[in-house]
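Read the structure below first, then the notes.
Chain IDs A, B and C follow the sequence of writing; residue 1 opens each chain.
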Amino acid sequence: MSEKLDVQLAVVGGGPAGLAAALAASRFGLEVLLIDENKELGGQLIKQTHKFFGSHNHMASVRGIEIANRLKKEIRENSHITVFLDTTAVGYYENGELLLYRKSPEEKLVSCFPKAVIFATGARENMLAFPGNDLPGVYGAGAVQTLMNVYGVLPARKILMVGSGNIGLIVSYQLLQAGTEVAAIVEILPWIGGYIVHASKVRRYGVPILTRHTIIEARGKEWVEEAVIAKVGEDFNPIEGTEKVLEVDAVCLAVGLSPIVELVRQAGVYTPYIPELGGLVPWHDDDMRTNLPNVFVAGDLAGIEEATTAMLEGELAALSAAEYFGVKSEEIQKMRKDRKARLEELRASRFSDKVKNGLQKLAAKRPK
Amino acid sequence: MKLFETGIPDRELLEGLAPPPDRAKPLAVLECFEEFPCDPCKAVCPTDAIVMNRITDIPRLIPERCTGCAKCVVACPGLAIFMVWPKKNLVWVPHEFVPIPERGEIVDALDREGNVIAQAEVKAVMNARKKLETTVVCVQVPKELLMEVRAIRVREKKDARD
Amino acid sequence: MERLKDHPVLDFDRGEKVIFYFEGKPIEGYTNETIAAALHAAGIKVFSYSPKKKRPRGFFCAVGKCSSCLMVVDGRPNVRTCMEYVRPGIHVRRQRGLEKLKGTEE
């Protein structure tokens, strides 16, 4: 049933962070095994139909799906990278064993002892507590995106969006594009969380954005038939008498993400709780090294941020891995300087204050 | 500022963006009011009419340099750039929905809140068949609505499906 | 629900159209769809009933991370139907609570 495999560098997760990491590592002669549990590489990117923000020399104004296609093509053409799709990394043990569950071409367990691992497992969506939140029809934003943008299935006829961060705003717009009516976007804070241009974009098609509002209940017999929203006071508690019932067949939650840390924790990576970065995050320095000499992290796993920053972090992680393997090259220092400068540039606006804060807190928690 | 609560730009933000009535060419209207890292509009402008010092700056337009080519309308990831030409009563808006209208078709013209404020004739469609690009639709609207119309909706045709 | 016919940005490669079974009844699906997506397209939203209170459950994350979509596929319980693709002729049924693995029944 189980098979053994010789691996130099394993990259777990084939989103933008993992793809960029694998490509950069191969440039320095490392042999890479890239693992993703989906049938296709790209992670979140394969659902992003909108054009990305950011710097024009780093793929801004290109749609996420297209960014994924470009990276995938490079990976395919790279002889130093072996790709295992439909494969879940199910365990990473203190003795250095990485256990893989492959579903295709045939179902089997594969055991390997990679000399180093870059983890780029991304994030999972947060839940919100309210009565009826377990009814069918209450979906995470990623689920809605997967359904409509990967499988081409209409998620709902009329939906309530909870959360006005970039994800809530972008997914609302994508829902309109697919043909779902968006009854409203509710946001508990007094202001919109995401980029205002995204908000204006959905508002223009008639979607009300209700700040200082939250969902208080989802109702229905077997699935969601209506959602109750209400205004909140200064204490964020619902104000009695302001309830409104919306006739919707789905509720979409876009209330934040948390890093998927199970695997790195198993191996003994220190994961302090840093709310600004999404919760428990693997401790890492700004070269994406963890407290274990041969384990590196990148992307949303290292703190919830963006695909643009995830790719830069992936490259930084690869540089550190190359050094771990004893590669000495001026190119490493040059690339490192350049990628760090770009990260700093991307993190210059107020939207990154939280992340920068979180990274500072993380730095202060350096294990002895 | 209501913009940050509603997504609807306040009147005062729009002041000074409208082109003069006798302008010879269309003018880009940049409805981008917030600092965040993004610069493709500046990068695609062939005449350097869009200025930003840092990637997080709010882009500023130098009207004298703008030739009305609409490259920035297509490039803006936030769909926050439009083009207006008072002389011919034309507005260009990004349109990422199906169906894509045809020239000569009458469509609903929407304001920044999604209200239908006019019926408008489609005068031109750019990038109609390029899915990875942003389609831009040029419509003719009453003069007083040039700075109000910011989206279009194609009316349900009976035989639109199949 | 329905499958999208036309999308402003995307074209869908659904794969081959096949028949599989939900609670014994034939359902149309495509080989590039997960079971969860195909069921949703067929208007089926309840995938299981919770162990204690028997509350209806559907999928939540659709990316294999929450276990809200567990169903019994070809007699095998606890299959994440949001990660499992449609294959011709498979039998899918609603899971009721925590069902026993094959071979572990008393």
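By definition in this document, contacts are C-beta pairs under 8 Å (C-beta built on N, C-alpha and C of every residue); 3 or more make two chains touch, one makes a residue touch a chain.
In UniProt terms the chains read B = 4Fe-4S ferredoxin.
Given the structure is predicted, the values throughout are model-derived calculations rather than measurements.
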item	value
Chain-level touch network, classified as line, ring, star, complete or other	complete
Chain pair with the higher count of C-beta pairs in contact (B-C, A-B)	A-B
Rounded Å distance, chain A centre to chain C centre (Cα mean)	24
Gap in Å, rounded to a whole number, between the CA centres of chain B (4Fe-4S ferredoxin) and chain A	31
Cα-centroid distance, chain B (4Fe-4S ferredoxin) relative to chain C, in whole angstrom	43
Residues within chain C bordering two or more other chains	7-10
Junction residues of chain B (4Fe-4S ferredoxin) - those touching two or more other chains	96-97, 132
In chain A, residues with contacts to at least two other chains	63, 177
Residue numbers on chain B (4Fe-4S ferredoxin) that touch chain A, as the complex places them	3-9, 31-40, 42-44, 54-56, 75-80, 96-97, 110-115, 132, 134, 150-151, 153
Touch list for chain C against partner chain B (4Fe-4S ferredoxin), complex	5-11
Interfacial residue positions of chain A with respect to chain C in the complex	37, 39, 49, 63, 65, 88, 124-125, 134-140, 142-144, 146-157, 177-179, 222-223, 260
Touching residues (chain side chain C, partner chain A) in the complex	1-4, 7-10, 12, 14, 32-34, 37, 40-41, 45-47, 50, 55-66, 68, 82-83, 85
Chain B (4Fe-4S ferredoxin) contact footprint on chain A (complex, rising order)	50-57, 60-61, 63, 66, 176-177, 190-192, 195-207, 209, 211, 345-351
